[in-house]
Each structure stands twice: as structure tokens, then as C-alpha cells.
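Presented below are the structures under discussion, each in the form of C-alpha cells.
First chain A sits with chain B, and in the next complex the same chain sits with chain C.
Right after this comes the complex of A and B.
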């Protein structure tokens, strides 16, 4: 078990290192091909004073000559940046000189809240529907569940978001405020946009909407894995031992069908990151998805790298957790 | 072995100890698939007494496993339905009992060992947990005591170093050892009837013999009734007391083991015996039964064996043969049972 954990952690670190380097290399390439972003500081076409330009380049860590050679991997700035990260220095934004670490402390919690609600929605709804469909295999309920989830999954997230914001949210909020008042939970929960005074309440609905991404995949996964276990020989053995159906389900079916479910959650987590970009944009949530999107638009190289590093870290971390959960669930993986 | 004396009437109300241990009487099971009714067992009857071994022999698809699962009450319903007959344990018809009583019977009175122990054991729980589960669920034993009981049982079925292996998982055992774990699990609550459903089919020949010896030893020690389901007549010869031969869902011959081997009264049994390779037939071509086992959805009329039978005549295709007993305790479902028995056919 110990060796397994250590190996998985080392693998995760290696993956993260490769992702960070690729990110860095892409950014370096974009500087090399597209031109010096430090020029933006001086407002487009004007040719700045070389001394001042050098000063600005130093400020943004662009003063290395490797940025002038196309294809150069720029190892020195990469190592310097990693050293800065280790020391907790994430750099600043291009304009306004805001500290990126400080920005993250605002954006990360919002995205995490969004994920909390969407994962809860995804797991709870798909578990219930998948189990229900498995139990009524081949009958009306099974077909209905599978049809409905496919329908929900095939509607793009932005369409759900837009129809919620422009059709449902306003009348619902008005109605709820008439009964419970503006400052109540009900008065805030249906808002079409984020309210910094109610950071949890106003993220519930967007979280649920992001959670519908992958609902069909997850429901089918759960249905299939439960069916497989329900018809298995060891469930027959469990029945031959005189166990009650409830105990058979809890002890001999659910744990065995957890492995594909855990895989699915880890896999969908990466998908939800992209759902988060749209949702945070439409619902006005100051989160990581929106931050990265805006950073790309404004050529905020450092911000893009930091943002993507954080999301890469999250994805690698979630897959590490998934791997460790495997080992906890299945002894055959533990002792490979 | 156990500290408390178990009263059978506690878990099986109405048990009559003068009645045979287990009596299967005209058991019928059907499968309903896409609106079609397919008979899997069409009137299986046999009796098992305490301390005896009954071998149920037949080709795959002859209904032997379905019969054993019907006795246990673990058939998947749907698609399977028991459409008639009785399964009497100590005179109590199990088919008429509540689901709760049947659950008590499973494990406490009748236990089963399946063919493939690797898939029949849950891969995610230690063998100790899976054996101990029986004590915990049926006897309310604590987790710790259940584990001690599991060690004791593993030791009894000949697993070396049982104390240290009780926490191991099924995949860490070899095939033979896994089958021993299955047997230990079946023996846990000291059942009166043990059904072994092809217990050695998935094993190597040398391990097969060990497992058979183990089953035989345990049966003698505990004076259990053992139902040995197999398609291999060779396995049966040394261990069984009686044989029930099944064909197309019915018992076609029932006899003591010696009688059945020496003087079979059904052409099918006779043909099966001829198909066993023997030392004195080395070099000769082995006899086979021509044709294939019938499709249970489209059984031939009359005697279902007639298209493959060496002794068949016209009436075999039209008339269902009666149960004929050419000798005491020896019955056969064949029009010509007497002639086959006396070797005139």
C-alpha cells in the first residue's frame, strides 16, 4: 500500500511538471512569434524608450534574450518562475500591478463553491437515477431515465444558463422576494447573477446547472456497474448465505460498483472546469474560469499561466485522489 | 464443535425428524424469456438421507444447477418460475415458507458450494469477512469472534497458516485453496445438507481429487447429506452412495451407485458409461452419444432422449415413458427399462 501511494504521488508530480513546462513553452512561443507583450504597456504603436522598455521587461520577467529566438524553450525563466512559485510569489498583472496571489484568494473560493454544488448534484442525481434504472431494467422507468438524462446532457450548458437567466430567474426572484423578502435565503437563491454578500447562496443554482454536464454519462455508468454486480456470482453466493436484500445491496453491490463511479467523477471533474468558464461568465461569478478567459483576451501572460497552473493542479490532484480511492476500494489494485 | 446446541426447530418450524432429510418431489421450473416459456426442470424427484451422498449427473443444460438453485431458493425470479412440485426439508415444504424462513434455511440448514470460487467470492472483502458474515448475520456474533470462527473453519478445510490468511483476499489464494474457502463458508453454520455444484470442474485434476476427498471427509465427520452435482461420472464413482441421472430437465434414472454402474436401466446412463475411457479399452475408439442435447424450447415428443437413443422404437417418439422400477431402489424413465437393465438391449 505504501509503495503504491508513493508511486502515485510521484506520478502526479511528474505529470504536473510536464504540464507546467508545456504551459510555459506555449507562452514563450507566443511571445517569440507574436511579439513582446511589454510593448502593450506603452499603448500599441508608439516606440518606447529602450531604457524604459527594458525596465518594463524586467518587471514582467521578459528580459531574457531567449524570448527573441523562436523555438527556444526558455529554461532559465521557467526555473526562475518555479522558484518564485515555491516562495509564494505568483507575480503581478500586466496593468494595474495587482498581486496575482491576492486575486486568486478571491477567485478560487468561488470556483470551489461552484464545484461543491455541481459535484453534489451530479453524484446525488446520478446515483438515485442510475440505481433506479438498474432496478427496473428494461422497463418503462429504465427507458425514461436514460432518455431524460441524454436529453439533459445534449442541451449545451450555455443554453441552459441563458434560458435560466433570461426566462426563469427574474420572475422567480420577484416572486420569492414578495414572500420571504430580499435579504432571505429564498430571496437570493434564484438571482440571475452572483452577489458577493451571499457567496454560497447565489452559487447554488449555477452549481446545479454545471452539475447537469455529464449527468447522462454518470447515470449510465452507475446503472451498468450495478447491473453487472447484481447479476454476479458473488451476489448469488450472498443470497445463498441467507443475507437480506438490503445487506446484499449495501455490502456486496454498492462497494463493487463504486470503482467506475469514482473514475467517472474524476473524469467529469475536468469537464466541469470548462462548464465553469461559461457559467461564471454568464452568471457574473468572479471565479477561476472567468479569470482565465479574461486573461487570455487581455494577453495577461502571467495570469494565464498561473490560472492554468491552478486548474492543472486541481485536475492532477483529483486524479491522485481517485487513484488512492481505487486502492482503498479494491484490494486487487492495492497489492498489484 | 459449537458451544451451543442448535435446535433445528428454532430456524425451521414444523420440522419432523422421521421424515427424510431432503425430498425433492416432482420439481418443475420454467424460464420465461420474451413471452416464451422454456421448461428447465420438468419433474425432478429424489431423496437424500442424512449422511448419504447423492450424485446428480447430467450434461450441461440438463437442469442440474437450476434444480440446486431451486432447492436453495436463489433462482432469479424473473425469469425463472417454480411452477410445481415440492422441496421438503425434514418434511417441511420449503417452497411454501415465507422469504424470512427461507433465508434462515440458507446457510443454517442447506448450504451450497459453487463451481467457480473466484467469481463466487466477493473480490473486495477478505475471506475472513465473508465467512464471518454468516455468524454475524445469523447468530449476531461480534466481528472479532466471527473472525476467530473463520480461522477455525479455514483450519478445518486444510488451509495452512489459517490464522495469518484469514485477512487475505480471494485473489491471493490458488484455485484449490479458494474452493476450500468456499467450502469453509458453506460449512460455517453446520448445515445438514451441502450442495456441491460442480465443485471441481474449474480445478486441475490433482486438486480435484484433494477437494473431493475433503468433501467426503467433512461429510463423514458431520454426518451431512451431500448432493454432488457433476457432469463427470468418473468423479462420482468413489464418493457417491446414490445417483440421479438428469436429462432434458428430468431425472431419468435413480439407483444406488454400484447398481447404476453395473446394471444401468436407462439407455442414456448406459451410453454415458460407455463413453468413459477405461484402461481395458485403450486403443479402441471411444463410444460417443450421437447428436446434441435437445433445445429445451423445442423438446422432441415422447421420450426426449429418443432421437439419440440406441434402443428407441416407434412408440418412444409418441408416448412419454412411465417410471419403471426393474429392481428395488432402482428406477428408470424408459419404456424398455427392464430390457436395458437385464442387458437385453
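Right after this comes the complex of A and C.
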């Protein structure tokens, strides 16, 4: 087990190293092809003094001549960048000179809060619906659940978001405030936009909306794996030896059905980050998805690299956890 | 592209308390003493910096102008500069200026607002290694060159493609001296009558000594000398609250405090305005119609011209556009009214001048007949210029932000219909567009926008078309124009200067290196709890703003 974990961690480090280099190379290409982002510092309408431009380029390590040769992988700046990262210096943003580490300390918790609510929504709703459908296999309820979740999944998440923000949120907020008052939980929870004064309350609805991404997949996964277990030999044996139905469901069916579900959640995590880009954008949540999206638009190379590395790290980390959970869930799986 | 406003970037400088929910207080802990009282909720974008000289975009300036007092403030009616911190600004020759400061003024922390307070701020901004966005404002000061040196000779560069610069040893603008504690003498490199007009801008605000000692803390909790002050740090992502400064010497605001709520790029305050969480907001084009058809809302709207303008500029370095008649033909081919009906009639007004009416010296209608839609005359002019190359499309270059593409497609359609030539819209990403425009790589008309730094027609002329053909985006140069600009700078009075700048505008109009298309409009809605809502004609945030020094809260 220990050796397995160490091996996986080393693999993860290698993956992250490759990701870092690829990102660095792509950003260098972007500077080489799209033009110098240092110009953004001056806003655009004004032609900056060459001396000033030079200062700004130096300030952001964009003064290396490799940025003028298309295709040059810019190895020297890459090594410098790695050295800075190792020393804990994640650099600063091009515009406004803000410390990237500090930005991350603002953005990461917001996205994590969003994920907490969306994972809870996803797991709770799909567990209930999946189990329900499995119990009533082939009957009306089964078809209804499957049909509804497919329908919910086929509506793009941005449509749900936009209709919520522009149609539902304003009347709902006004109505709730009329009854419970502005400062109450109810007066805040339906707000159309995230508000940093209420970091938990105003992130619940966006979290729930992100949670609907992948609902159909999860429900069907749960239904299928429960059906498989319900018809298996060990459940029949358990019934035969007179175990209570509750115990059979929890210990034998649900636990054994967890493996595909855990896999699914790990897989959906990466999906949810793309949902987060939209949700954070529409509802004004300063989070990672939105930060990466804007950093790409703004040519904030350093921010793009750090942001995507963090998300790559999360994906690698989550898949490691998923693999380890397999062993915990299925006694037959052992890692040597 | 409104300069910094559209710049997507505006993340404010330096470090702040990292706490995610670090919101600066709520209504409960505000203790100001205005007449009517109350806290106003304002939307704001990301600010770049809260120390004068570091912002240079509309959002940062909206806070800075309320937390700091400059030497002058622009009158809301006329837009003309009126002394605020300054007692008197005089000059015998428009080149050496003497600024007397009012006695007894202090910063929020008690430090005196004296000559040194201004000089230390200006030195900081003018010093090249600080790389501050408003550095260029000091380009006309004596001593600027020493703080912003030219590159070393080419043979001394380590890499022949990367210019290198000498170390900057000078940290003080030699043209600025403190005659006594309350008098500053400024020497410019050339006469400039508009100098006092510039002084109301953020670049020229004072900075406290304590601020420079700890810039990071000062970014978060600025030490100003204006009517509002921060008791708790401002967070560029979460906003903050500024309360009225008890000891403010001037007219105290009528409200207790202002709470700024941050809307990052792409976010919209409109939904929050409808729930009453934001007091002033400008709807997007999509929400505009429904807002105006709501009779109750339509009573609470402020509509006035925004001094930002939109132009179609020509690459004069391309031979196709060297004949002025081609440029005139394209201008006359644009049905400005018709385009407005496509993109939203109240959002813009047709423009037939290079300096809009709300700016001092603007409103000259200098473009005249050439900015009037007349397809027959346009065709005639084009024929006189030898016609348009057969089979070649007219390429229109735009950056694809906001609804630029819709607007320029409508403009392109109009040109195409009037002149009978095909056109092609080439969208570019912002930095790519900037680089291409600056390096003179475009082969067709391109989008050009401008918003003012200060209230003088010169600001619409010199920064855009000055500097010579190799420097400005259009590649335009005219001896008579340069001479007129210089003459205006040396004029004896501001009135004379304004008239001379207007003459320079007329020279520009003869050559038409760009075509004025639209002036923009503000459409700001406010909640019923506000009264005496005034929007400054020169400086207002594009997504909703008002004068915090005068607004009152009725509830």
C-alpha cells in the first residue's frame, strides 16, 4: 500500500511537470504570436514610451529575447519560473501587480464552497433517484426518473443559470425579503449574484445548479450498479440467512455499488470545473474557473499557468483518492 | 475602446488581507455624520490601484477622487477646473507655473497637505522604474527625461534585438521645486495653457509620507485628504466601505458612507439593482428596452452624453487610403442614424466632430458635410479618387469585445451599400489588435475609441494624432497641425488656447485621418431612495455612477 502510494505520487509529480512545461510552452507561443502582453499595462489607446515598456517587460520577466522567436520553447524563463515556484513565489499579475498566491487564497475557497454544494447536490439527488429507480425497475417510476434526469442533463447549464438570474432570482428575492427581511437567510439566498458579505449563503443556489451537471450520468450509474448487486449471489445469500432488508441495502448493496459511483464523482470533478467557469462568470463568483478563463483572455500568462496547474493537481489528487477508495470499498482489491 | 475602462484588466495593486470574506463592514458599523445619512450601495469594477498615479482607469479613479482631494475639481455644470486644494494657480508664460496651496489642510492621518505631499507623489509617478500607468502625464515636466532615459546605443546591447536602458539615478523631477511649505513651482518643457486643467486628474493628487513608507498597507487602506476615508481595508475582489471623514475641511457629503460592491469583468449589476442591492446601475443593451418601458423605472433615469467617442481610423501608411477623398467617401457612406437604429438608438448619438460637445472647446461640428450621410456624394468622391480596387474587399479591423462586432457590421453594411463595394470584418483579440495597430500592420479602417483624461479639447487631439507619422496609430503627420498645437500651448489665456486647439481640430478635419462615428451616452438608473443624483459629464464609471459628494438618501 505504502509503496503504491509513493509510486502514484511520483507519477503525479511527473504528470504535473509535463503539464507545467506544456503550459509554459503554450504561453510562450502565445506571447510570440499574439504580441506582447506588456502593452496591456498601458491600457491600449496610448503608445507607451519604449523605456517604460522596457521597464514593464523587465518587471514581468517578459524581456527575454526568446519571446521574439516563434517556436522557441523559452527554456531559461521556464527554469527561472520553476525556481520561483519552488521558493514559494508564484509571481504577480501583469495588470495591477497583484500577488498570485494571494489571489489563489481568495479564489480557491470560493470554488471549493461551490463544489461542496454541487457535490452534495449531485450525490444526494442521484443516490435517491438512482436507488428509487432501481427499486422500481421497469415500472413507471423508473422511466420517469430516467427521462427527467436526461431532460435535466440535456439543458445546457448556462441556460439554467441565465434563466435563474434573469427570470427567477429578482422576483424570488423581492418576495422573500417582503416576508423575512433583507438581512435574513431567505432574503439573501436567492440573490442573482454572489455577494462576498454572505460567502456561504449566496453560493448555495449556484452550487445546486452546477450539481445538475452530470445528474443523468450519475443516476443511471447508481441505478445500474444497484440492480447488478440486487440480483447478485451474495444478496440472495444474505436474504437467505435472514438479514434485515435495511442491513442488506446498506452493507451489501450500497457499499458494493459505491465503486462506479466514486469513479463517476472523480470523473465529474473535472467536468464541474468547466461548469464552474460558466457559473462563476454568470453569478459573479470570484473563483478559479472564472479566474482561468479571464486570465486566458487577458494574456495573464503566469495566472493561466498557476491556475491550470492547481486544477491539474486537483484532478491528479482526486484520482489518487478514488483509487485508494477502491481498496477500502472492495476487500478483493489490494495494492502492492 | 474606452481606454482603461475597457481594459479588461484592472486588478488592483499590492497585497490585501487574504481573508475570503474580508468585506469591509456592513451598514451596522458605519458611524459617519452626514445630514441625511445613510449608506449608498455602488457597483464598481476591479480597481487597479488606490494610490494616485497607479490607477489610470475609470474604476480606480472613482474611488480615488472621493478619498483624495486634488488641486482642482471639475465643476459639474461647466466641467471647468475650480480650485479645491489649490489657493491659486498662476503663470506668467504658461511654462513656469506657481501653485499656492490652501493652509491648514491635512491627510486623514493628520499629516499636512503641503508642497512636499504633492512633490513626493509626482516624483513617485514620474520615476520610470516604478512603472506606473500615469507616468506619461509628467512627460511635459522638466526633468522627466532624466527619470525616463532613452535606450543605450545599439552596440551596447547584449542581444541586438532587445534594447537596454541605463540605470535611473534621478529620483526627483528637477522641474518641480517647493518655493516654500505651501508653494510649488513647476517648470514645463514647453508652454501649456491647459496645465491647471490637468491638475484635477488622479496623476497629480498628493500622497502622504506614511503611505509611501508602507505602500502595501496604503493600497488597502488609502491615506487620502478627501471627504471619504476607509476605516477597514478595501478588497479589489470584495469591495469595501468608505465613511465620511469627520474632520473634512470642505463641504461634507450628505450621506454617511458608501459601500462599493465589486462586479468583475462580465458581471452585470442590473439584477442586483432590481432587488435594491445596488443604487445606481446602467442596464446592458439587452435589458435597456424593458427598463425604459417600465414607467416607474423610467422616471429614475439619467441620460446624458458620455464624453467617450467612437471613431473609424484610417491606416494612412497604406496607399489605398492616402487620398483624402477616399476617406471622405467612406465617412459619407456611413448612415449614422440608420446604424443607431440597429444597435440601440439611445446608446449613442451620431458624431460629426473629433471633440465631443461636453468637453471644453468641443462641439465645433468640424466634420460637417463629410460626416453627413450622402451616398451619391460619397460615390462621386470615390470616383474622383480613382475608385476602389476591383474585387478587393474593404477590410475593417476591430477588437472583438462587447458588441463591437454588431456595431461595426452595421457600419460596414452601410458603407458597402452606399459605395457598392464589398467589405470584410476582421475581428481580433485585444492585445493582437493593439500590437497590429501600433506596428502599422493594418490594411483597412480600424476601430478607434477615446475617453478623456481631463476636460480640454487638447486631450482629444494631441495624444491620439500627435507624435508624428511613425508614432500615432494612423500614421498621420501635418506640419500646420503640429504648429497650431504648439501655438495653442503657448497661448496667453485658456480661452485663446481652446480656440487655437479648435483650429487644430479644423486642420485635422481637412485631412480626416479618422472618421468620427458616435458619441456615447450614459443611461444610469437609480433607486427611489436616492435624491439629487448628479452624474459628472467628464468622469463617470461607465456602468453606473454619481457624484458622491452631493447625492442624498431620502429614506
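Just so it is clear, the second predicted complex is superposed on the first by the 315 of 336 C-alpha atoms of A that agree within 3 Å, B and C clash if a C-alpha of one lies under 4 Å from a C-alpha of the other, contacts with A are read in each partner's own complex, and residues count from 1 in each chain.
We take it that contacts are C-beta pairs under 8 Å (C-beta built on N, C-alpha and C of every residue); 3 or more make two chains touch, one makes a residue touch a chain.
Nothing here was measured: the structure is a model prediction, and the numbers come from that model.
Once the two complexes are overlaid on the shared chain, A:3 sits clear of chain B and of chain C alike.
Of the two partner chains placed by the overlay, only chain B lies in contact with A:252; chain C stays clear of it.
In the superposition on chain A, A:197 makes contact with chain C only, not with chain B. Greater residue coverage of chain A by touch, when chain B is weighed against chain C, goes to C.
Residue ranges of chain B in contact with chain A, taken from their complex: 69, 72, 74, 76, 102-108, 111-112, 114, 116, 119-126, 133-134, 137-138, 169, 171-172, 185.
Residue ranges of chain C in contact with chain A, taken from their complex: 1, 3-4, 6-16, 18, 20-23, 26, 46, 48-49, 56-57, 128-129, 131, 133, 135-136, 139, 148-151, 159, 161-165, 235-239, 261-267, 271-272, 274-277, 429-432, 434-436, 438, 448-450, 463-464, 467, 471-473. Of all the residues in chain A, the ones that touch chain B in their complex are 231-234, 236-244, 247, 251-252, 255-256, 329-332, 335. Contact residues on chain A toward chain C in their complex (touch as defined above): 34-37, 39-52, 54-56, 59, 63, 65, 68, 93-99, 102-103, 105-106, 109-110, 165-166, 169-170, 173-174, 177, 182, 191-193, 195-197, 199, 281, 284, 286, 290, 294, 297-300.
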